[in-house]
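Two complexes, one shared chain (chain A), two partners (chain B, chain C).
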Partner chain A sequence: MQGIRSSIGLNSLTMSVGFLVLIGIIGLVSDTATTSYLHAMVELMILAYSLNLFTGISGYANFGHVIFYGLGAYTVSVSAVGLNAIGTSLPTPVYVLGAGVFAAVFALVIGFPILRLRGDYFAIATLGINEAVRVTICNTKELGEGRGIYVLGLVPSYDIKTLFIQLLIIAFAVVITTHIVLKTKLGYGLRAIRADEDVAEIMGVNTSKYKILAYALGAFFAGLAGGVVTLQFACSFPEYLLITRSVDMFSAIVIGGTGTLLGPLVGSVIFWIVKDALLINFPYFHLIIFGTALILLILFFPRGIVGLVNKSLAKRGKVLE
Partner chain B sequence: MLVVENVTKKFGGLRALSKVNVAVKKGEILGLIGPNGSGKTTLFNVISGFYHPEEGRIRLQGEDITRLKPHQIARKGVGRTFQIVRPFGDMTVLDNILVSGLFSVPRGEAHRKIRDRCHKILKIAHLTERMNVPADALSIAEKRRLEIARALALDPQLLLLDETMAGMTHTEVDQALEMTSRIRKEFGLTIIFVEHVMRAIMAISERIVVLSEGTKIAEGSPKEVSENEQVLNAYLGHRRTS
Partner chain C sequence: MAFELLTQTIINGLFIGFLFGLAGMGLTLIFGIMKLLNFAHGAMIMFGAYTAFWLFILYSMNPLVAILIGTIVGLVFGVALYRTLVNRLVRAPALASLLALFGVSMILENSMLNLWSPNPRSIPVDYPTLSYGLVTISGSRVLVSIVAIAASVLLLATLRWTYFGRVIRATVQDSRAATLMGVDVNRVYTLGFSIGIALTFLSGGLLALIYPFEPFGGLQYALYSFVVVVLGTLGNPAGCLFAGLIIGLIHSFTGSYWTLNMSPAVAYLILVLTFLFRPGGIMAGRE
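Then we have the complex of A and B:
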């Protein structure tokens, strides 16, 4: 949809990709501690983008997104253990892709029933399914119960820089996917759903189809990130499915700006830096301070930082493409 | 074009529509009137697939559309507006129109063509200058025009207009009438419209159907309907016989 309005020259895609390249370069030339710090930040970024694909653009509050990350992690460990039992293994990219695919398939399966729910009911269903899956894993012997599944030696061990590169590739992929989604029918349909789902349907949007497509697409990328984390720690734990992580990604997209291309990136960076700094300086109060700041942000800038920038640009008749 | 056969729609014990028959020919402009709560908007909701009727059938150009989903009916060429305007508030005016533009066309049509069509519609609806404004920021008359523009972007054959002139000033009604006639001619549309502004109904409808308490009580030319005893009773109450 280019050429419709006056753009401000730098567009969101250039900025997002440029910023990722910058983070990548810094991460690859610094010491291991800095790389680990940025690695965790990029991981959150991927999760935020994957949450943004469905929840951010369509406005369907989803508190159980971390389930796809956790299932991705378990896909890798379970398949590595299973393949080892029959005396074989797979190349690493296949494990990671498999994690994404399994998460997406799971999203399709649970999406059909729960995407019929709207608003708060959908949010509660995502919470419920998340806990149900986590508790099931904790109580299934074959899935290692609460201890997790160790795959040391079954998958290749990588140093943090190699893992960081893998995450960067996924991050680029999710940014470009988001860009494409926002510019095409899927994005227009989801934005219409966010504004008024009934009217969207009347305007020809197959709402059920577009919701489930975006839901599975987001799950795919969260699954990929989950696959990488199993490689990183050579283990998958039930803790990967903890709700608190869902809250982290949710905070990141709310801070940055839901439904935008730059929002998840800006939000993740700010969230990561601020949360870390608060944790170090106020070890007992950091969550209280952070929570208060988040509430104020939602009250005064419901569209996040990118939303705020867009609004001030719009006043001057310009738009951030 | 459109045939509504024996349609009954109930909400709990209430019969919002009971055995309603309405037919509209291609190119015709049909006025739908009736007191508040007589089932006009319900009829629109049933035609556009928003509700499914308990009894009866709806056929569009011979094809049964009774059980189709709203988006399927929309793509078969039924566009509608809402009595209480419902724009996609935080999207720009152009994006509002692009949604129905994008989703109405068969897969693979060039985006440039869709955009050109949307710009043409913006012009007809006098919204070109406002195209980059969020729809929330429009005035009520502009929002009403956006509703029509959005329905037009679907490239409909049948347009259902639900009180597009309510609350407008005299001049605005004139403009709206002029626009309705213009789009009808330019797009070769069949139109069913619900309206309380009697001047508008009498001016442009070729035929009028009157609903009261969910049943059709009269049908005919504007002149016939305005002289019909039952219609007068429904609107004004019974004449005292002393």
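Then we have the complex of A and C:
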């Protein structure tokens, strides 16, 4: 560890923000097809960062993160429909912020019981709650059952570039939040939990406070992304809560490197490009190839690309922050 | 009418409950032995169903023989999977092992999709149905329950009375001490894991006799199994069977008196309540 302590830190924040600016500029000047491709990529990036905030840093396997995205989407549609019924409406940013806040409040409520669980138990509980909420939405008349809730005309319709800008703002916010979390006591506490929760607790880390804080913070950003998706399709579907999307986020942070600032960004870009290319070239086998790649990655590069880069940088006395 | 509905609901619940219990048993055995949650459980149940289906359709086997051969296929599959992947995951952090097994699940599900198309399939066999007034007992359900009970009893007896069972229980209690006593822990893991997978395949094959199945249908059965193993205390096969019956009854009562669609949500509610009020499950502290 001597090498790392005396090493020169490369600034991950500058690199992440710079990279995001680059994606933003490309997306804004190119044609609609490219913009929507990048739009979906940035959406995944936000979700990956929001998952990384709790799961990535603390090592708690949250398989139900997509619930916050779905609830965010439903918050916007339900409040738009509800307000329309009493003949009023709100400016769009309020809806999106409301989506984030609702997701965070929901995380606080379910966080108290389930954050007492560890390891596999926590994974089972998050998966179970995710499916319970999805099934309940699918069977509640007021929530549109399986058809979803349409808000066409109730919220302003935006073109893809405007939506892309909204997502970029959220992406910048989540990158900076991650940076702050990693640099403050919260981040150190979460990493201590990842290393050994019992020891962390004995050393005076307020583990339950840190866990729920990071859990709700991640939920907030996932909720924001969910709010934007309702604006994009003018509808919220129960499909937004499908677990396959949780797996996408997981793959992205594992590819990039869990618990790092640059990891979710690099991971989402690579995941999106590779998955898209596989889907086009091997439409029937792309998920089989992807599953195999995921297993190999976990077995041989558990620290992801950032970990790999750090290993080679460490020899030259440098490290990614 | 009300009485008949109640009787029918209880009968259906108990029959499906044995199957839930068996499906959970494979999961809980693996967890008990190596503290590993098989996240590919749902996909494996479906794979067991398709294996039996293929043997039944292609070689026109007796369904029970097909299911038995499917169980053996599961055993071989378990050994192969343990040797190639799972032995590297035993001491890995929970996040890594869960994700790797999720990768296995993705591979299995999409292979099934390519091999057998997304259409729901079933094993069409007609067993005689018994009826008493308005209450009917389907023969296939009785058969499935008998096989499930037999397999469960066999497993519990093996764990209780044989040398192999003692070795497994020793490993569950303290794998390091077991190693010092001359137990080959790696072999126990291999056998335990593959028996768990074989039971999962068996429950899939039995499921195919009473319900239609599709490549991505595994998730809901996996979630029921998770509820069953948590309620019955993770790692405790006997508790699992008992919890299976409870969940089977809840499933059937939700279906009769509310709507079957809400049955998974009720089951997960019970999961969360178990975590809240009795985190060790109903069998906690009893051994």
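In this text, the second predicted complex is superposed on the first by the 309 of 321 C-alpha atoms of A that agree within 3 Å, B and C clash if a C-alpha of one lies under 4 Å from a C-alpha of the other, contacts with A are read in each partner's own complex, and residues count from 1 in each chain.
One rule holds in what follows: a residue touches a chain if its C-beta (ideal position, glycine included) is under 8 Å from a C-beta of that chain, and two chains touch if they have at least 3 such contacts.
Note that the structure is predicted; figures quoted are calculated from it, not measured.
Here chain B and chain C are compared by how many residues of chain A each touches, and C touches more.
When the shared chain is aligned, chain B comes close enough to touch A:G204, but chain C does not. Of the two partner chains, neither chain B nor chain C is touched by A:R147.
When the two structures are aligned on the shared chain, A:D196 is found in touch with chain B, with no touch to chain C.
Looking at chain A, you'll find no residue that touches chain B in one structure and chain C in the other. Touching chain B in their complex are the following residues of chain A: 1, 4-5, 185, 188-189, 191-192, 194-196, 198-207, 314, 317, 319. Residues 55, 59-61, 63, 113-114, 116-117, 119-121, 123-125, 127-129, 131-132, 135-136, 138-139, 243, 247, 250, 254, 258, 284-285, 287-288, 290-292, 294-295, 298-299, 302 of chain A touch chain C in their complex. Those residues of chain C lying in contact with chain A across their complex are 31, 35, 37, 39, 85, 88, 92-96, 98-100, 102-107, 109-111, 113-114, 219-220, 223, 226-227, 230, 234, 259, 261-262, 264-265, 268-269, 271-272, 275-276, 279.
By the touch criterion stated above, chain B contacts chain A in their complex at residues 48, 50, 69-71, 74-75, 80, 82, 86-91, 94-95, 98-100, 102-104, 111, 115, 132, 134, 150, 154.
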